[in-house]
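Below, each structure is written out as structure tokens.
Heads up, the next two complexes both have subunit A, just with different partners, subunit B and then subunit C.
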Partner chain A sequence: MNGTLSPPVEWLLFVVLSTVAIGGTFRMLRTMSMVRSGFSLMASFCAIGGLFLLLSADLLASMQIMMYVAGMLVMVLFMVMVSPDPGGSMMGIAPPEETGPADEYVCPMHPDVRSREPGQCPKCGMALQPAPEHHAHGSASHVKDHGQSAVQHGHMSSGMEMDMAMTHEFTRIAAVTGFIVALGLLGAIAFAPWPAPAPIPALDSARTIGTELLGRYMIAFEGAAVLILLGMVGAVIFARRA
Partner chain B sequence: MDYRVAFVVAALLLGTTSVWVLLASRNARPRDKRTDGSRQSAWTQVDVRYAVVALLFLAFDMEMIYMFPWAVAYRQVGIVCCDSGRWPRVRLEARRLRSMTVTLANAALAMALLVGGAAWAAIVDHVMRSGVKGGSLQLADRVRTFLSLLFAPDPGHQRIDRVLFRGAAPVAITAVGLGAIVVPIGDSTAALPGPQLAVGIFFYLVVLDVMAVALFMAGWGANARPGTEAAFLAGAQLVSYLIPLGFAVTGAVMAAESLSATTLVLHQRVPFGLWQPLGLAIYLVAAMGQTYRPPVDLPVGGDVDVRVEYRGAARRLLDGSLYAVWFLAASMGVLLFLGGWRGPWLPGQIWFVLKTTLLLIMMAWLGVRFRRLTMAQLIRGAWLVLIPASIFNVILVGILMMLAS
Partner chain C sequence: MSVPLQAYLAVAAILFGLGVYGVLSQRGAVMVLMSTEVILNAAMLNTVAFWRYRNPADFAGQIFALVILTIAAVEMAVGLAVIVLVYRNRSTQMVDRVASLRG
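And now, the complex of A and B:
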């Protein structure tokens, strides 16, 4: 680390920043408000920027914070613009529906796929949902209201129920995969031959990075520039058509 | 590099302002979930091109990240990287001070700039408005109102988003205070760790980003139509004005080969503003956009205002942080283009204050002179005039530097 902080302070900052980083992502997953989740993620990324600072990577830290503050703010703006419920009131109020056995099941993506029994869609593999006409006969009337409000917002024009619980077969696979990957990473951390602490890097990291970018990494630098230019041109073309 | 300053300032400001806001706003009854639909009319009015402009902004934002290292290394490597060391490099190694006292001194300087700068900017603003428009000064009255409102309880209402609403003012104050740590005001303060921070100017731009986030939090957290509309306008200002600001700064960075505020000033035997007048002009306009000054003050001006639901301490803190960020932008303009504290006869600190005040007066005059721009006008002006002009300025500076060799 950078040697200007005493070890206890450094550890304290490390613990605080990593707590914010992890807590921010946790908070992002827990809240129903898209705006809040965006800001939680922003806080998490800023804390990671702080961790970079502890490692003497000042330019990288500034970049991290600048990109993610601006990026998350734009993301929040987009979510507010396109989402019918950016504040999370509808999702927050409606409890996950306990449905009894329905007569007919239908795929949320392919309305022509219907089945007498619950299962998976042969086309896309998603879990089949209870068909709406049978659902409407059920006891939970507020769920029907919920579906109608979604229809009003134009997102569910076919009149089907939204899968509000967001749990289907893939989550189990994802959880297992995530667990295995996490184990692998932890193993890598535990058994990797870590290099000896490097000397404190050059003070003017902007100059070092600039010289490297224009020298050894010229191709990558120009490649990124072309990609960004393509993105800009694409956005402008899209705007003209709109 | 000494980052203790940043951590000290952040902890102090975030802590005190949060406690203050929480204490002063005990009357509000918060509620987590928003249920009213008044907000929806706000987003339906947003042009679809807003999204495209925002995407373009992100692309340019990324571009700027490459831009600054390039600008620092430009003189050394030239247009194509070949022989480095063609240019005699100016060696300016100020003494590096590292002790707890120095950290505290830097933090104290940042606090003084935050508070004193906000007060000074408010005075200049008021004098300019009343002077040009023919009103009376009534400074004492203003101060009395300010103090009486400071501890007024927040009436609040039931639908606010508690976390965002309460968090906005502490985030804003902390951002500006952190930005103030890189500002040197004279020879004696030039050796402090903050002004010597190797990424100082970049750090300041990051802080302006965070200020926009704070305003968005305030507007959205209030959960009322004027606030939400203003939050969108704050986003529009960010996606319009940060890019020309960054490119205007790039010219000065190229000439000084450094992002550190002290090094920038030490390189200005001739102020950069004299041979980069276009850069200075773009900087001033873009800085007004990023600090929400009239005539580009849509998010905080008139009926549509992110602060519309705020009373008491939080309101005063937001007002104060807006004045402070304006002062910060002006002082950064002085450091980048007007030679900082350097000047004949008078002590450095006096020169610094004089130059900063000059920039404040120029910006305030523009605010009095011109009518408030609409969102379409400001986005159009930024993307069709300021950004091309600022890129032209970067090329111009590069050519001038080549010729000067």
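And now, the complex of A and C:
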């Protein structure tokens, strides 16, 4: 496939696919709706399959798309099963207008301790502080602005008891860690010498992979088979009712 | 092949960073699982890009990516089984509520 693409088309496809891949993952982490995050990640993984196609790995691309469409549907199903608010609708509701910013007080150490009036935390005795104000749309930028208040985000101003926040209080540390990791990798990529692309041999990649899997890489093939069997048996043992 | 190898590696690096952020920041166990899938996908993209640019005549790179895909599937199955088990015992899927392993 790759040999027929002109450079501008290849660049265009690359930019579009990588934007979808990164944007889908970003949206998966940012949206309040777990179902939406599942489908965003599905789009992201399909775009990575498209990048595999650009890299002439056509068999791998089709396997990637098939596996992750099914896999993400299963993930969405499980999220609907086990999450208290899979649609994120409760977090998207704007607080009532009469609810002022300091209408509610929260313990700085125990975010689930909330009170209508100032006082002391029953768990640790610390003075309750005014809860940070909730913006109209329970948006991702809120979590970003108040990394520490991410836990409280799931609670509505009405003092709902359900604990629905999607991220915990270490969000800022996590963001910094992820940023440093990505930056380090990008720096390594920028400063390392890389080879010029090798010409692609005219090979039927599916046929070649099949031959190699049953020849030189038989161990990998059988190992994968045993691994899948172990995974299935383990999953059934874990999930069965005692 | 007008797109250089570095471009693919950069996309994979950004995806890896996002995955690390997701694993560390998300509370829902399913979200943590999905973030690990992002990390595995970044590794797979790297592997395929290196295969294409370094030695496309040898399909070991693609076969390694296939093994990563297998591991991702198995990880998803076992992880979801653990989530079902935890949810049945604790009625929660938030990882910070499951700090101890005692049932």
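Following the convention adopted for this analysis, the second predicted complex is superposed on the first by the 150 of 242 C-alpha atoms of A that agree within 3 Å, B and C clash if a C-alpha of one lies under 4 Å from a C-alpha of the other, contacts with A are read in each partner's own complex, and residues count from 1 in each chain.
The rule we apply is simple: contacts are C-beta pairs under 8 Å (C-beta built on N, C-alpha and C of every residue); 3 or more make two chains touch, one makes a residue touch a chain.
Small disclaimer: the values here were computed from a predicted structure and weren't measured.
Student: Do subunit B and subunit C fit side by side on subunit A in the superposed arrangement, or is it a clash?
Tutor: fit
Student: After superposition on the shared chain, which partner residues are touched by A:Ser56: those of subunit B (first), subunit C (second), both, or neither?
Tutor: After superposing on A, A:Ser56 lies in contact with both subunit B and subunit C.
Student: Now for A:Phe238: first (subunit B), second (subunit C), both, or neither, which partner does it touch?
Tutor: A:Phe238 sits against subunit B and subunit C alike.
Student: Between subunit B (first) and subunit C (second), which does A:Ser33 come into contact with in this model arrangement: first, second, both, or neither?
Tutor: first
Student: Regarding the shared-chain residue A:Phe45, is it in contact with subunit B (first), subunit C (second), both, or neither?
Tutor: Only subunit C is touched by A:Phe45; subunit B is not.
Student: Check whether A:Cys124 is in contact with subunit B, with subunit C, with both or with neither, and answer first, second, both or neither.
Tutor: A:Cys124 sits against neither subunit B nor subunit C.
Student: Looking at the overlay, what does A:Ser205 touch: subunit B (first), subunit C (second), both, or neither?
Tutor: Both partners, subunit B and subunit C.
Student: Give one of first, second, both or neither to describe whether A:Ala21 is in contact with subunit B, with subunit C, with both, or with none.
Tutor: In the superposition, A:Ala21 contacts subunit C only.
Student: Comparing subunit B against subunit C, which has contacts with more of the residues in subunit A?
Tutor: Looking at subunit B versus subunit C, the one contacting more residues of subunit A is C.
Student: For A:Val74 in the superposed arrangement: first (subunit B), second (subunit C), both or neither?
Tutor: A:Val74 sits against subunit B and subunit C alike.
Student: Between subunit B (first) and subunit C (second), which, if any, makes contact with A:Leu214: first, second, both or neither?
Tutor: In the superposition, A:Leu214 touches subunit B alone.
Student: How far apart, in Å, are the nearest Cα atoms of subunit B and subunit C after the overlay?
Tutor: The answer is 5 Å, the least C-alpha separation in the overlay.
Student: After overlaying the two complexes on chain A, where does the subunit B footprint on subunit A coincide with the subunit C footprint?
Tutor: After superposing on chain A, subunit A residues 2, 54, 56, 59, 63, 67, 71, 74, 78, 81, 203, 205, 209, 213, 224, 228, 231-232, 235-236, 238-239 contact both subunit B and subunit C.
Student: Going by the contact rule set out above, which residues of subunit A touch subunit C in the complex?
Tutor: Residue positions touching the partner: 2, 7, 10-11, 14, 18, 21-22, 25-26, 28-29, 34, 37-38, 41, 44-45, 48, 51-52, 54-57, 59-60, 63-64, 67-68, 71-72, 74-75, 78-79, 81-83, 163, 165-168, 170-171, 173-175, 177-179, 181-183, 185-186, 189-190, 194-195, 197-201, 203, 205, 208-209, 212-213, 217, 220, 223-224, 227-228, 230-232, 234-236, 238-239, 241.
Student: Would you pull the subunit B residues touching subunit A in the complex into a rising list?
Tutor: 1-4, 6-7, 32-35, 39, 43, 46, 48-63, 65-66, 68-74, 76-77, 81, 84, 98, 161, 163-164, 197-199, 202-203, 205-206, 209-210, 212-213, 216-217, 220, 223, 232, 235, 238-239, 242, 257-260
Student: Which bits of subunit C are touching subunit A when the two form their complex?
Tutor: 1-31, 33-35, 37-38, 41, 44-45, 48-49, 51-57, 59-60, 62-67, 69-78, 80-85, 87-88, 93-94, 96-97
Student: Show me the residue ranges of subunit A that touch subunit B in the complex, using the header's touch definition.
Tutor: 2, 4-5, 9, 13, 32-33, 35-36, 39, 42, 53-54, 56, 58-59, 62-63, 65-67, 69-71, 73-74, 76-78, 80-81, 87-89, 92-93, 203-207, 209-211, 213-215, 218, 221, 224-225, 228, 231-232, 235-236, 238-239, 242
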